[in-house]
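In the two assemblies presented below, subunit A is common to both, partnered first by subunit B and then by subunit C.
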Partner chain A sequence: MNAALVLWSWCLRTSAKWPVLQTLAPFVPVVALWWAVAAWGPFPPAFFPSPMDVVRAFGSLVYRGILPEYLGDSIARLAAGAAVGMALGIPLGLLIGLSRRAYTALWPILLFFQAIGDIAWLPILIIWFGFGMTTMTVIIVYTVLFPVVLNTVLGVRSVRVELYRAAQSLGATPARVLTEVVIPGALPNVITGLRNGLGYGWRALIAAEMIVGTSGIGFLMFDARRAGSVVEIVLGMIVLGILWYIVDAWVLAPIERATGRRWGLVTQ
Partner chain B sequence: MGAGNRLAGALTFVMPLAALVLIWAVVVPAFQVRPQIFPSVAAVIGAGLAGLRDGSLLTHAATSLARVAIGTVLAVLVAVPLGILMGISRGLSAFLTPLLRFFSVLAGIAWIPIATLWFGYGFGAIVFVIFNAVFFVVVYNTLLGVSTIPMPLRHAAASLGAGRRAMLSDVLLPGALPNIVTGIRTGLGFAWRGLIAAEMIATNVGLGYMLFVARDFYQTEVIVLGMIVIGALWLSIDRLLLAPLERATIERWGLVRA
Partner chain C sequence: MKTLSLKSLSKTYFDLYAGSHHTALHDISLDVPAGEFVAIVGPSGCGKSTILNMVAGFIAPSGGEILVGGEPVRGPGADRGVVFQSFALFPWKTVLENVGFGPKMRGVPKAERDEIARDYLGLVGLAHAADRYPNELSGGMQQRVGVVRALANEPDILLMDEPFASVDAQTRMTLQEELTRIWEDRRPTVVFITHDVPEAVFLANRVVVLSKGRILEQVEVPLARPRVWDRLVEDDAFKSLSNKVLALVRAA
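Coming up: the complex of A and B.
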């Protein structure tokens, strides 16, 4: 008992020193448990591979150049989709948020199309564009677009009227109101929208790659499923998880926090 | 809000959608769009009526809804107690947070390949995918909810003699409820998309399957019908069931942060 407590306090102290360790530490018992169950062997190894098998598969896929290439493909698709989605979504959101008429006309349509959801578009997109890059790009742009637009609208509408009036009565032109009141005021929401959109887009990409794919992590997993190779499926899942964890926890969340601190309106 | 106001609100919501349908009804014949590319309004209505008459549309929709309901209920039943247990101890919850974040990233779709291997194509695999989509998000949010309950509240309850059970039912559960409901809403959003994807891959009944099979025969009217049904179903679940529930929970139990 005492030894366990000493160990625990040691864990806490080291993890406080290096935050990365704090992130990694919880995975140690999980992997250990996984290893133990695989070694104990209630499931056949073909169904339930051990961590070593997955590491070995990782080595071989990297060595053959498949994993880096697929990973690059997936990331490039997501980045391209996200960039286009933002380029369309932020101006559209500003427009809808600022104009009452555009809001009444477009808000229900936005909600409805968001509700259809990315993946339901797959069949008809395949008919229109065939199995390929265009279909996947459209899906990701679609997925990223809606959360960005909806959150930008929310952000613009949450800017308090007094702030507009103050800027206007101090003689700000509409352009300056836009760049110095509306956009900074909406920025925290825009970033939140982007973060949600990328989260949905990432999942949509995986699904699209499974169904239409010719390359990418989703395709790797689905191809492995066809070949009955659980090792590669598990590897794909781990790569997906790690990648998104890095993007979300180390890139998007800090940006969101920083924007919130810098421009966030303190609400009562 | 009076009944007249609500009616006006519903009208302003429906009007733009009606206008969209009108544009669709004009554009398709005007440009003579081939039915393999995009169907006419009449064809979609025809497909809807045919689906209603032979009952296939209802079967697909009911199956999809039943899968979501079963997966979600199972996930919530397991996730909420687990999340509260984890949340009681600060150290444990800080320790487990990265793990939960990792798995909630994998939520839903990424489980499809392995689920179909473990459970075969069909009901089991799909419910498993939905369970996963909801489970991790709800556990994470419950944990978050419990850990945001101010310590003084818990101390106050304890010093007033609250036992374990009273603490659970009067402090922890109500305090975490707003976060739990938000978690359920987010998780269901992922689950609904995951469901459609899983049904395209792994089954022979359900809305996703209906869409994907129609693609093989270039029946765009069935695809568009399916998309409208999917959109309308999710919109009504989200706006008429989940959003009011979330709002009511936050109003009733939400902690007002200064």
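Coming up: the complex of A and C.
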């Protein structure tokens, strides 16, 4: 009992020193269970690969250059889609948030199109644009756009009226009120919208790659299905999880901390 | 410094629930000479904040006119600095950037406006907090920033809407003494809204008692300056003036 406690406290101290361990630790039992089930052997290895098989497949795909290339394709598509989605979504959100008329005219339309999920557009987009980059880009932009617009509108509306008044009384023109009050005031919500939008966009991208892609992680997984390679499908799933974790924890969360939390606009 | 005059000012709201018009202010006429400190007191709902919001240009009067230095008010402007009850500091700007906001809007270069902001922060003992964000400060410190942010823009008239109502009693007395000291030193024209009678008498040259949207009475406060609480708490003239205004407010 005492030894277990000593071991536990050692684990706590070590993981506090190395945050990476804190992230990885929860996966230890998951991988152990997976390994145990694979080794126990109720399923054939071709049907239920062990962690070691996946690591070997990873090595082989990296060695042949397929994984780096496909990963690069997927990330580039997401980045391009996110950039266009933000470039359209943030100004649109500001307009709808600031103008009562724009709100009345556009809000119902926005809610209507938000309900038509990304993948529901695929049939018609394939007819319009065929199997290729355009279709995928439209899907990602579409998916990123709505969370960004809706959250930007919320952000603009969350700016307290006294802040507008204070800026005006200090001599701010309408253009300065926009840049000094509205945009920074809406920023924490915009980042939340972006975080959601990229999450949805990433999922939509993988689905689109499966159906219309000729490269990318989604294509890799779907192609592996054709070849009956379960190990590559599992590998694709793991890559998706890891990649999203990296984007969220190393890119989005730090931005959120540096803005809204520092300003006291977002609760911890 | 400019004079402020309100000429037969009135404000009528349409009450959506009652389905009828509700008059918040009737025929308010008031002259505030340049460099005077006027406090407007009255119970909740008497219309005192409505007057301030109209002078600031945040809401339009239904009738009458507001003149600042002879010019009619049309919307908010840098000639009328406002200190808000809720402080209304920009959360995404540091204390220094908040105080330098007015000069920035006037196009003052960064180095110069930082110097102006530092000077004003020194005035209220906050030079050390220049690089902090408002949510990292106590309520009393935030309102000190709110006051010097308005002052740093050198307005003709300073409008203060119950600025010390949301800080604790100890801090409030300190803030009142600091404001008096700044006023005695620089003599800005001030319109100060409060429901706290001793506060009004302590700060002002003249106390305007408002009741149900009308001016009930104006009381001159000839107390000597500099004013400090330690002396005035026991001062008979202060006590009798406070009691007089209090009786008017209670009758209102």
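List of remarks:
Just so we're on the same page, the second predicted complex is superposed on the first by the 260 of 268 C-alpha atoms of A that agree within 3 Å, B and C clash if a C-alpha of one lies under 4 Å from a C-alpha of the other, contacts with A are read in each partner's own complex, and residues count from 1 in each chain.
The rule is simple: a contact is a pair of C-beta atoms (placed from the backbone, for glycine too) under 8 Å apart; a residue touches a chain by one contact, two chains touch by 3 or more.
Note that the structure is predicted; figures quoted are calculated from it, not measured.
Overlay on subunit A: subunit B and subunit C fit together in the combined arrangement. After overlaying the two complexes on the shared chain, residue contacts for A:Val37 are found with neither subunit B nor subunit C. Angle at the C-alpha centre of subunit A formed with the centres of subunit B and subunit C, after superposition on chain A: 90°, rounded to the nearest 10. When both complexes are overlaid on chain A, the residue A:Ile255 reaches neither subunit B nor subunit C.
With both structures placed on the common chain, the touch criterion links A:Leu187 to subunit C but leaves subunit B unconnected. By the document's definition of touching, of the two partners only subunit B reaches A:Arg225; subunit C does not.
Using the contact criterion defined above for the overlaid structures, shared-chain residue A:Arg176 touches subunit C, although it does not reach subunit B. Residue by residue along subunit A, subunit B and subunit C are tallied for touches, and B comes out ahead. Residue contacts after overlaying the shared chain place A:Ala166 against subunit C, while subunit B stays out of touching range. By the touch criterion defined above, A:Ala76 reaches neither subunit B nor subunit C. Closest CA pair between subunit B and subunit C after superposition: 11 Å apart. Subunit A meets subunit C in the complex at residues 160, 162-163, 165-173, 176, 180-181, 184-185, 187, 259, 262-265.
Contact residues on subunit B toward subunit A in their complex (touch as defined above): 12-17, 19-20, 36-37, 91, 94-99, 101-103, 105-114, 116-118, 190, 192-194, 196-197, 200-201, 208, 211-212, 214-215, 218, 220, 223-224, 226-228, 230-232, 234-235, 238-239, 258.
Note for the complex: subunit C touches subunit A at residues 56-58, 75-78, 80-82, 84, 86, 88-93, 101-102, 105-106, 133-136, 149-150, 153.
Within the complex formed with subunit B, the subunit A residues making contact are 12, 22-27, 30, 47, 104-109, 111-113, 115-124, 126-128, 200, 202-204, 206-207, 210-211, 221-222, 224-225, 228, 230, 233-234, 236-237, 240-242, 244-245, 248-249, 268.
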